[in-house]
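Structures follow.
Shared between the two complexes below is chain A, which pairs with chain B and chain C, respectively.
Coming up: the complex of A and B.
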């Protein structure tokens, strides 16, 4: 169980592979970044924080180590203090003080992000949301849940499950990540094709602004057209416009039945045809549509010693259904497979609702990332591309890197146009790096794709933002940042490119 | 067909009833509002507009009349010019000029709004989006549609239907309203319980800002986490932050089957129980959940001479299902009704998928608003309330107005917590008005409800905004307005309360 969880997280490592074994170099030494004009923390500041919080909720010294390093060990901050508020008012007091003293601040959720967004770059004050973990209310009629932002996703899932509901997002990191972090990064995940993104599901937020003021945008309603819809400024802005302290989330009814099909296909065009047929025939019960190419499946079966129920096709797909009636869903899924075979869209396949068999199928998908890492150095990209050109980039990169790469593979959430592109080499080399970047970003940009489909921008990607956003859009982002945080104390060095 | 359309629109008249027979008084005379410090239009301006557009797309004189009056004839502007651009670049040129000349501007879609948001208050330049009506691309694989903002909703619906898709919103005004107007007002409508709101469905927008710059936030992807999610600033801000010129919308697969049940219930608690059971048993196929109280149904059957298949229950509900398999859906619906009857949740009911019978059932719901207007003067409110207290407000208002009212009724989209509350009296009187307002807003505010669930704020409701939004939220709205439109030329006198 834990293993699967870790594998899912590994699956999300992006842009380049990092060694997870050692403590990384300090970010300030490893990357060319200059400290902002903030004050340095002093003893008086610590005393003041201890007066706001209890003493044991103000961590210093080596107690701050784990908060300074991100999960994939790509960055390491040098913060001297971690604060653990329990209430919005405490967050407000902390930020108000930091604002007055010009101390920079990093809000931190479960610290499972993959772009270095949730740890300090220099000596920023870390505000850990881990004790803001109260679920305040679950309304079983409307399905609306109100909670603090530090609730761990899996705990929220268990709590709403008891009321016959599910959280509308599912992530590999759910045992660790916070729902507030999910909101702040607009996390995507495995249920997006069915339940949509968080801009639709989050009904309200409460946030502490850069000046310490509490902004109450909570709502228990799907319909509320009273003025500008400000909450969206906090969904996906990675803590740089405010610290999300509470939220209201709409949770759909939990399905009674889950079924899975794993199929083989002869071409990418048939992948598209199968997706289209699945949308028509499975419609409202479709909950996942994944694509795996042959090199990806080969990697996971070989490197992780897995058995695939079908083999030797250029493409594979996973279709998951979730519905209220198992018999109906099975019938729909079987009809879909029969029709797809009659039309020669799919060549071979299996369907099951046995938990162990479903787990095995998912494992062959989920362990691809781990397997590729085992094969050598892996350049990894998380991009959105138009479906009609979705797989072309794999061929283009394959041609470009030629014999430099051991393997170029593509897999991912084809149902959401989200591709995980991987280039595996013996080891990192500048030559290959230059062949791949900025080629992948330029290629994505030409197709008006997204250079960060679900991971966000954080510390690692601000310099690539212009590949997906126009100068006017970046300019407006900067103006809004300047309006809402003129001293730039909230999560500095992240999201926006330096001026 | 047309009749039904009109009735649906009547259904949405809000806050107070207006006479639709005569030309209303000028807004500047009827309401206490002061003209902003804008320049007045002169002949040179007209010549300049004619140089940007063709001459016949610059309307003046009596040709501007219909653009000066809203659909429900509640407001009347005194604009002397209506411009009809066909391209984003033309919109940009117009706004750039107005910005330089300090001329105020009103963007206008189908002009079906109910809060006076889409017509001039004084002599603002009207930019009609009606010729911006190109559907640029429909991707049948991803379901993503890219179009100009002036496409009429019904035309968009027909176009995507041909590709096996549906638009994720349905409104009574769909024969007239523009998709860009829907986006700018975050229109709700009949499919919201199934497909969510526009913040989830709209994947990208292009907008012309107050200074005439074109802001391209178009995206063809559900997953795009590259920086702040700015598009949401244009969803529901009613043209006051920018003029939406293009958009990308995710359209779900069209259902093959639609079924309807109409049931009678003994109490509002049973309405909630029925909703909960429907969510469990109908889950993914549920597409509408409406509640009608006895006075509301009595009104429509009596005043419009309709026959209800069931009668004499304190509460009625409509459940609509939409799915991919008619047999399955019928079975699920029948099982749901059987279980609900066995549990004494519902007392009586009919289920059908015959189009004429379904139309009849919908008619008894859709003609309520018209019927109430026929009975006398009608105070009307469109509010969101917590489901556990959803119907209490009807009793509270009934008690408060006592014999002053002929009838107090509540009905609406209970599945989305959206109540249409109506107080019918012989005629308007200040005494009743004072009994009802601000009581209804205060009551709604105490329950943290929304005083405008789906209609927006427009010209009529800025003074009520504080009942649903905190001072901090209104302050941030004003700051963002000031950032993005410092000269306040975009749709002035609307949305935000005067400072």
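Coming up: the complex of A and C.
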């Protein structure tokens, strides 16, 4: 299988695009932010951590570098210690100690978060969940999986595949991100249109609270209406209310038949028409609807040396179907494509059920984020917008930044009204920063969109939270935070605006 | 030059995990996704490009295999091949079919169809034999240019750049000839929807082994097919000192 090997080398996706060469400025220098009233880490703290964990699971000095910088290199913390627990009890001991000593902590999963939430702002203690990677149980009958939170999404995917199941979410970062990170960010991804979001799929969690107490909310059932549904507090709260240590996830049955189409379209209106037609004609088997504009595809094909399946068009879409009968699905997909072409909704395209071709097509979509990053500094926005105005923002931003940007592009989960807007420039500059923020948020807010569809709020967006949430909602969030973490040691400076 | 013959084999898709049959006679093919052998896609692309450059007038694709090989031929037609030939063979007969048999079939078809050039993939990714092109050349007594990474028209034939150990070799050959395609020859196009529709009207001629008169008695026997050895699990070492002492312990330094 020589070719298999050759192609694997060529196709290798590396989500950890960490390079020591270009290190961003320290967050405390680049952004106006004041350190909270926490104690500074001392040698005694380190030896205490070493007494909880084995010595080699307490990283200090330059070993902490990559845990201080986020994937898009937009922030850089100055933490001097990274802790790698393996058990819930160890996490509990660590947090209990930090709580008593008034040391702030940052839980870190795969560090693929795109809003600067996963790394320290100052010198917070990093708790890396990467060794909490045990899959405890997979129940083939109910499809319920229990695992620790540090399992890498792709590892979980292959483990459940062996049992005929799939994980209900799929992201470009799957080779690196953790299922616990996904839960903490309520990650969306490519199949949300089919399987819904994690508030539905996560059946239970176990979390360590700010005082070190272990809160067991695990459940083996889809149906459990006993009291308040506290698990939701940990889904999407980005490590600000507790550290997720375990979870129970409902995994659907793996489809026998997967088919994929990649098509070219002349205008955004045709993208909408194609979406509508796909919903009608592909109904229950539709599992993904993605949109890519020309600049985005140009980025991934040129920067990652990939092949576009078709010639240039202003817009491209990917339709995926997942079902139980290949003949049935193929026929439906082909009919849909035929009709869409007859109505001139789509101009050109390819359709395949060959795993290698499907993988190559997905790569051209999934590697856009990485490609844009390779082109320079990337301002990224992840917004929900009404479909009727979905793409207008790309033009509006393009006009506003003019020649300051190398490229302005939009792509994303159009099936879920979720756009990834990207502005790539040579390097970070305050000038461009001020041109795009708060403009993008104001624009989104005017359309009653969400300023963060799936990536979360993290460090970059607390001050913009009000564009999408009412004062009453923000007030209640603060009260909940205060109730659960009165010392504010869990992931400070993130999620909620300073009062 | 007028007519080019290309080979298209239906193989297990390279992104699929291969499983060996419990009785070790081969690999599991049932219910497994197949696609065109990637090196054959490269061969097809090259032939279609030749036609686009008017170096060829007609491109014929030949597939030897079970009924589903027609799908592989359809893909070739959608990529721009003019017509297909399917030599149908299935079951045990197909499982026992060997490169020499295929070579003889290619030789026969090339003569019947009056082809001037045969382009084959350098190997099929299932059995990795890398023999068909060479043996086809021998059957026909035609020159061969294998592992091609570039093909150009030359004064009275073709100039072919070959991938060889440690570098490239450029040769010229007269026609008729047999070429095998290497990975870097080109990047094959996708079969697009409009072309798939057009390809539905293109003809595929169906033949049997008897029609081509090739004796398919196996020349060798497959004794056993084994999984590659499982890689031993590695272990993560906390620091350089431990690494050095471990290496010493194992006697590597």
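Everything below uses one rule, namely that the second predicted complex is superposed on the first by the 375 of 499 C-alpha atoms of A that agree within 3 Å, B and C clash if a C-alpha of one lies under 4 Å from a C-alpha of the other, contacts with A are read in each partner's own complex, and residues count from 1 in each chain.
Criterion: a contact is a pair of C-beta atoms (placed from the backbone, for glycine too) under 8 Å apart; a residue touches a chain by one contact, two chains touch by 3 or more.
All of these numbers come straight from a predicted model, not from anything done at the bench.
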Applying the document's definition of touch, where does A:310 land relative to chain B and chain C: first, second, both, or neither? second
Check whether A:359 is in contact with chain B, with chain C, with both or with neither, and answer first, second, both or neither. second
Is the number of chain A residues in contact higher for chain B or for chain C? B
Would you sort A:215 into first (chain B), second (chain C), both or neither based on which partner it touches? first
On the A-aligned overlay, A:349 touches which partner chain: chain B = first, chain C = second, or both, or neither? second
First (chain B), second (chain C), both or neither touched by A:465: first
With both complexes overlaid on chain A, does A:125 touch chain B (first), chain C (second), both or neither? neither
Do chain B and chain C touch any of the same residues on chain A, and if so, which? none
Which of the residues in chain C end up touching chain A in this complex? 13-16, 18, 33-35, 38-39, 123, 125, 128, 183, 187, 190-194, 196-197, 238-239
Show which residues of chain A lie in contact with chain C when the two form their complex. 1-4, 6-7, 55-56, 263, 307, 309-310, 337-338, 341, 348-359
Contact set on chain B toward chain A in their complex: 139-143, 164, 185-186, 188, 192-193, 196-197, 199-201, 209, 213-230, 232-233, 235-237, 241, 253, 255-256, 272, 275-276, 279-285, 322-325, 328, 331-332, 384, 386-388, 413, 416-418, 448-457, 461, 465, 468-470, 472-474, 476-477, 479-481, 483-484, 495-496
